[in-house]
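The two complexes that follow have chain A in common; it is paired with chain B in the first and with chain C in the second.
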Partner chain A sequence: MHDIKPPLQILLLGAQNENQEVKVNKNIAISESGFIFNPGTGDSFSTNSIGQEVIRMLNEGKTRDEITQGILGRYEVEKGILEKDLDDYFFMLGTYHIVHNG
Partner chain B sequence: MLPYERPIITRYNPGITNKFGSRVDYFPFTQIDGVPVKKLIEAYGSPCFVLSERTIRDTYRNALRAFSTRYPKVQFAWSYKTNYLNAVCQVFHQEGAWAEVVSMFEYQKAILNGVPGEQILFNGPDKTADDLRIALQNNSLIHIDHFDELYLLSEIVRDSGKKARVAIRINMDTGVYPQWDRFGFNYENETAWEAVQKIMGQPNMILTGLHCHIGTYMLSTRAYHLAATKLAQLALRIKGQYGHRIAYIDIGGGFASGNTLKGSYLQGSDIIPTMDDYAEAISTALLGSGIPTAELPSLYLEAGRALIDDAGYLLGSVVAIKRLSDGRRATIMDFGVNLLFTSFWYDHRITPAQEFSRHTEDMVVYGPLCMNIDVVRENISLPLLNRGDHVVVHRVGAYNMTQWMQFISMRPNVVMIDCEGGVHLVRARETVDTLNQQEQTPDHLQKIQ
Partner chain C sequence: MSAVKTLNIALTGLNNIDSPGPGIPVARALRSGGLDPLRIIGLAYDNLEPGLYMHELIDRSYQIPYPSAGSEALFHRLKAIHEIESIDVVIPNFDAELHNFMRISDRLKSELGIRSFLPDHHSFEMRQKSALADWGEKLGIKVPATRTAFSWSEARQIASEWGYPLMVKGKYYDAYMAYDADQAAAYFFKLSAKWGLPVLLQQIVKGSEVNVTALGDGSGGCIGAVPMRKMYITDKGKAWAGITLHDDRLLEIARTAVAGSCWRGGCELEFIKTPDDHYYLIEMNPRFPAWVYLAVGSGQNHPEALVRLALGEAVEPMTHYEIGKMFIRYSYDQIVDLKEYEHINTHGWL
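What follows is the complex of A and B.
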């Protein structure tokens, strides 16, 4: 028997669709040092500097594709690896209710 | 271009005891005794076991010092099952250790290593008539485990005309539960005394020693104090009843190594007694037992894990990084429980072998076997790892290189770094030929058609 309810990952995979916009939820606070606070849930997180850059670009309204290009232009990384890592990062941002599909 | 690091996000769990453990290594572990991990992997492959001869010698000397500064007659016997690679055994024998074996296979290894027969302690519940004959011939110390063995040995000595030097293994209540009562003769219910009486009645058996091995990874020094006290009382009773002096008391092994037991919130190295603590508990028991100083028995020790765990490392590499369905990070290594049997008992410390940033991730570490049980660490906090990165697993010297499984993949190379930094292959990796050479395929199955 198959589970007919679409699992969380599938819903979130939508967020990874290059054409779809991902937006940072309202009220999410990010400090210089990568400390993230979600007043809605009371949860706090930390992210590394590349993670901060990604969130900053999201706040600037950049698309997934623009973010990928932005990082590829500045960091020593292959596109395939970056795509896989971004998929995972966006998945976790969604899981933690920091972003939503715009 | 800037160096790349995967983007990560970690949730803080304030106030909740962190099951991933708060302590992570702050520095990469890039070399062992001055030899770069990277070089070792280049030359010997990944995974690969590495042994430090210097650490073995230092650990042994520290243990010998701890006991021999407190007690006049001390003799260690290397517990072969813990690690019976010949190179390892020889380091211990060069340091003065005898051999403690529990099977004819181990016995033969000791003989082939050049250990004189009379310096082999033969333990274990499964000695065959042939095993006993060989041990008798070589004047080895036979540690009798049960009455069936006692009767068998008594028949063998009767026919041989030789005298057997024997000890009995004794189990007892030392306040540690569950009690290890399946080996040897029980102290409290007088079975041990019955065994003594039977042996004293045998003209061809000399009751030379009293042996116990009360458990393994024992955190209580008090248990050793009790064990030593009880064996000393038995020695006194034998002296009183028969006028016979027991030549040695063998306290076995069981001293803890610095590994962290599964489920323990405290790091093993922070809570285990030191060798000095164990030595103090045992020596004061013997010295205070009432046995006259001139008649004190020798103290034999069969420490295993405490003498070799620290000297062993397993080098490995990251095969893949995954995200599990519940969001947890999973890292797959090229070594699993096939090589790291002790990951069933311990939360082994794992350190990356290359530079990393201050960010860490909580994760499960899996081995490469296609099986659910292949979990190296259920929860560990590690710096960000990428495919191909190298890691070092610490304190794997005991039991892994003897209990490893040839399952799905082959056993890897084992190397030893000598005290001058020279690297020696001490056991070559197995290949398909290693296995195939044991097999025989019937003629009619030689071909598929």
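What follows is the complex of A and C.
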């Protein structure tokens, strides 16, 4: 099992369009405790509460920009730092086949 | 008031060790099913097979001759055991013994009334490691390139064409990854000494290993199939923990293999799933895997269904299973009285 906890080390999707949709892959199961299970690969992960919140917003169909605004509205964080963390987080979610670009 | 006849099932594979045989999980599956009243008779090759002493699962055990003694010796030993135990169904659980059991299965039924549910020789041979690539090609199933070698010089020639690393595999069991000619030579001689010739060489396919336990009805139908990914692998390559998957494509390929071989009985299909979602069949084992109880735990009791098929009952295909169900194996030190060990050694039964 892997931990997925933003902020992370890797920066890759920095050039991603802010309105580009990121979708949670079909059949991905996420529990209230932040436990993520991919039934296609058998992989499981844990994420912290903000990570859970991001995935919940993705499931609600929110765009990257809406997620950024949602978090900025609720937490004291610099926009630049948040965007970098989100880049890292989405990259990690993509690497583990939890999300894909819509 | 009418008495219900006890069903007497004999099975092998009681070696519940670090590289476990499937006998104990199969016995456990039968105990979990609806086959009461049930009596399970263990058939063992070695007096230290742990299942001999698992009296909560195995009612009585008998020694049987090693496969190298041949099918006639096996038939006579089973006949002697049958005179005591009135065996209804026999379930062999080792690759290396299957030839003997298949050879005598008709006689077991016609002369003794012992039923089994085994593949025929044609089906058995087409999924042999040495024939797997050709068979897979006919069915449209990808198989890594595999060649047989009857001598080290032949193996060295194949390896020099392919390059390293490559897999060196025994005829029945065991496989090693060789990174250079020295390693390949060492594995070649180790495997040929243990399992005989030929030794197989197989090209490496990178990806994660996913397996399917399945049951074929012998007419091309698949009675049940459950896919699993190994979560923890021992140094012998055995799964110590695994989880059921939701993978329709994998199940479709498994059903194609079962249908294409008209497989009759239990089997295990081992695949490598590549990062770009291609599946390569690396082996089709001709018996249930040691992790078959995971299928029971997730909703499909394949061993029970096999017994019902052997008895001539109609069995509906099982399609549902619970996804995300795990097994985690453990080891356990049984305490055995010397008297028991003495008994199996001196009397041949326990």
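As a convention for this text, the second predicted complex is superposed on the first by the 87 of 102 C-alpha atoms of A that agree within 3 Å, B and C clash if a C-alpha of one lies under 4 Å from a C-alpha of the other, contacts with A are read in each partner's own complex, and residues count from 1 in each chain.
By definition in this document, a contact is a pair of C-beta atoms (placed from the backbone, for glycine too) under 8 Å apart; a residue touches a chain by one contact, two chains touch by 3 or more.
Since this is a predicted model, take the numbers as computed values, not measurements.
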item: Chain B versus chain C as contact partner of A:Asn27, first or second or both or neither; value: second
item: Partner chain in contact with A:Asn48 - chain B first, chain C second, else both or neither; value: first
item: Chain C versus chain B, contacts on chain A by residue; value: B
item: Partner chain in contact with A:Pro39 - chain B first, chain C second, else both or neither; value: second
item: First (chain B), second (chain C), both or neither touched by A:Met92; value: first
item: Overlap of the chain B and chain C footprints on chain A, listed as residue numbers; value: none
item: Chain A-facing residues of chain C, complex; value: 208, 228-229, 231, 242-247, 323-324
item: Of chain A, residues touching chain C in the complex; value: 27, 29, 37, 39-42
item: Complex contacts: residues of chain B adjacent to chain A; value: 1-12, 14, 323, 325, 327, 357, 359, 384
item: Of all residues in chain A, those that touch chain B in their complex; value: 7, 9, 36, 43-51, 53-54, 74-77, 82, 85-86, 88-89, 91-93, 95-96, 98
